[in-house]
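Some structures to go through are shown next.
What follows is a pair of complexes built around chain A, which joins chain B in one and chain C in the other.
Entry: the complex of A and B
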């Protein structure tokens, strides 16, 4: 079957229906946290643990967005092809959206688990650092005139900015943190899901990944159109 | 409905509006693409 442009919209709609169905299942079909894991009767984490299903997605997409900025920036510096700069910039724009979602999710989790929206936990603080890195990247892009200079400068920042990702990832192990971990460490045992939880988690994860790919493709397309229409207005085309 | 579910319901509504808006933007982009061809 030939891929037509309108299929992209159908794909987006179908993807979102799957996400809503999975979200409904997470909220209404998954049981509460096991009694022995609750700290006291009426512990908000009884249902609040389900935030994991959403903040983990936001965290994964944030990491991926950063990786795409890194790769796009490196390839731009190597080839000087504006295509890579556009991809890196679009990924940074999406990255800041997902990092914001991650920070909001983190604050909700923090309030449920630790009793305050912001705790300066290493994981929270390093995620905030990621947000500021992307904000700096986008501000730099907005501040420099001339597409070549803008692309070159932001590519350098995009490469160095990636340092925040491994730092955020290991922040819970190298600093004293209350954040739950996914695998067993010397300080605490890893978080585990049962089979239905795992299926729902993988479904949501792949849907959000596809959503990121769709949005990246779409924002790059808008950028290309913008450049083209500017050329039309200035009479170059 | 517990407090957590209410938060997630609001999140679902916000996300769905964003997706619908993206779909709307996509139709606009398609129209511009056709005109520029």
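Entry: the complex of A and C
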């Protein structure tokens, strides 16, 4: 069988999912983390601790997706190159997926840790705000005809919408929150990660980041092909 | 930024509005009827109604303001006067400031009537000072019109723009809507002093950031 490029991309995607799962499994069955988990066998927080990582990785990717939307939008307005618009739009589409993962995992964690799926924690609420911002961005894209106008207007909204990221980030320090933090500050009240947790976070982070980059590249490519096929249908090519 | 030109655009808009009264009448009737309806959210004179009062009041103002927002730029686009406005020797920034100011005046005008109506219908006793409540409402209004006018210009060339506007404005305003309700509750229910409320500072900084962003990005909306 001839090994084509499209097979390579599918293979690469599948490989990353396998590596992600394996790494998660391995890291949790090793060292101090495992001891930590085994110390309280009946504690529901054991699973909370696990799912917390997925929620936090998704949050990190959501921030990155927002940053890519911001940068793509700014570069589009500067250069009027459709390439940047495609990147910003694809990043927004991925961002809404990762924010949904964040919200669902966050809700499960919230139920385990605080006893309610929606705890109205500032971080939960502000993450939902990020989801709505991306939804607004994609709504605007759907409502504007003409690729140039759509790119220009959505770029403006993409830059505007970035305000949600710093707002989400500072929300836990402004309002009283029970949300765990990565680095302990004077204001935070939740638990913070120990060293093995930090290693796990960083390893999973690189996996999630590569997954995001891979999916972004894939989505942009689909966009390019879609535009090409439309041109073929309308007889331009 | 040219205050004289801004004043002239605002005066033109107000004049046109007061002649036809097509938006202002709708806004007033809408706020009146929704205040009436929201009164049935709890037993009359009940503490529950006192509890939700500030929030309901702010929601009425937000949804009333939404009616006015969708008219500000879209009306110019529909009647074809936008090109005239753009051709006139006014900088694009001044057009945005003028529209924002006009929307603010429209909202404050409605609220000037709707706020006493709220006090009467809800039989409301404000715990803090009334002036503080006005200042919080004013700041909330400013935040609303700054973001709203900008977004109203953004959706001008979209399909079914009035609908899209609601979906885009509300997420962008969500933080400031929540902040305004929190500070309004602190003033009207808890009776705190305005300067001791942290959320007010956040509203002011949000308005500041949004104003700067809007004035930078506005020229990109109008370029065709």
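Following the convention adopted for this analysis, the second predicted complex is superposed on the first by the 184 of 237 C-alpha atoms of A that agree within 3 Å, B and C clash if a C-alpha of one lies under 4 Å from a C-alpha of the other, contacts with A are read in each partner's own complex, and residues count from 1 in each chain.
Simple rule for what comes next: a contact is a pair of C-beta atoms (placed from the backbone, for glycine too) under 8 Å apart; a residue touches a chain by one contact, two chains touch by 3 or more.
Here the structure is a predicted model, which means the values were calculated and not measured.
Q: State whether A:149 touches chain B only (first), chain C only (second), both chains, or neither.
A: second
Q: Quick one: classify A:16 as touching chain B (first), chain C (second), both or neither.
A: In the superposition, A:16 contacts chain B only.
Q: For A:160, is the partner it touches chain B (first), chain C (second), both, or none of the two (neither)?
A: Second partner only, chain C.
Q: When the two structures are overlaid on chain A, which partner does A:236 contact: first (chain B), second (chain C), both, or neither?
A: After superposing on A, A:236 lies clear of both chain B and chain C.
Q: Quick one: is A:218 in contact with chain B, with chain C, with both, or with neither? Answer first, second, both or neither.
A: The answer is first: A:218 touches chain B but not chain C.
Q: Go through the superposed model and pick first if A:228 touches only chain B, second if only chain C, both, or neither.
A: Once the two structures are laid over each other on A, A:228 reaches chain B alone.
Q: Regarding the shared-chain residue A:129, is it in contact with chain B (first), chain C (second), both, or neither?
A: The second partner, chain C, only.
Q: In the superposed arrangement, what residues of chain A touch both chain B and chain C?
A: Comparing the two interfaces on chain A, one with chain B and one with chain C, no residues are shared.
Q: Give the list of chain A residues in touch with chain B in this complex.
A: Going through chain A, the ones touching chain B are 5-6, 8-9, 12-13, 16, 19-20, 23, 27-28, 44, 46-48, 50-51, 54, 108, 112, 215, 218, 221-222, 225, 228-229, 232.
Q: Which residues, counting only chain B, touch chain A once they are in their complex?
A: Its residues touching chain A are 2-5, 7-8, 11-12, 15-16, 19, 22-23, 25-27, 29-30, 32-33, 36.
Q: Quick one: in the complex, what on chain C touches chain A?
A: Per the touch definition, chain C meets chain A at residues 150, 154-155, 157-161, 164, 167-168, 170-172, 174-175, 178, 198, 202, 206, 209-210, 213-214, 217, 220-221, 223-224.
Q: Tell me, which parts of chain A touch chain C in their complex?
A: Of all residues in chain A, those touching chain C are 77, 125-126, 129, 132-133, 135-136, 139-140, 143-145, 149, 152-153, 155-157, 159-161, 163-164, 167, 174.
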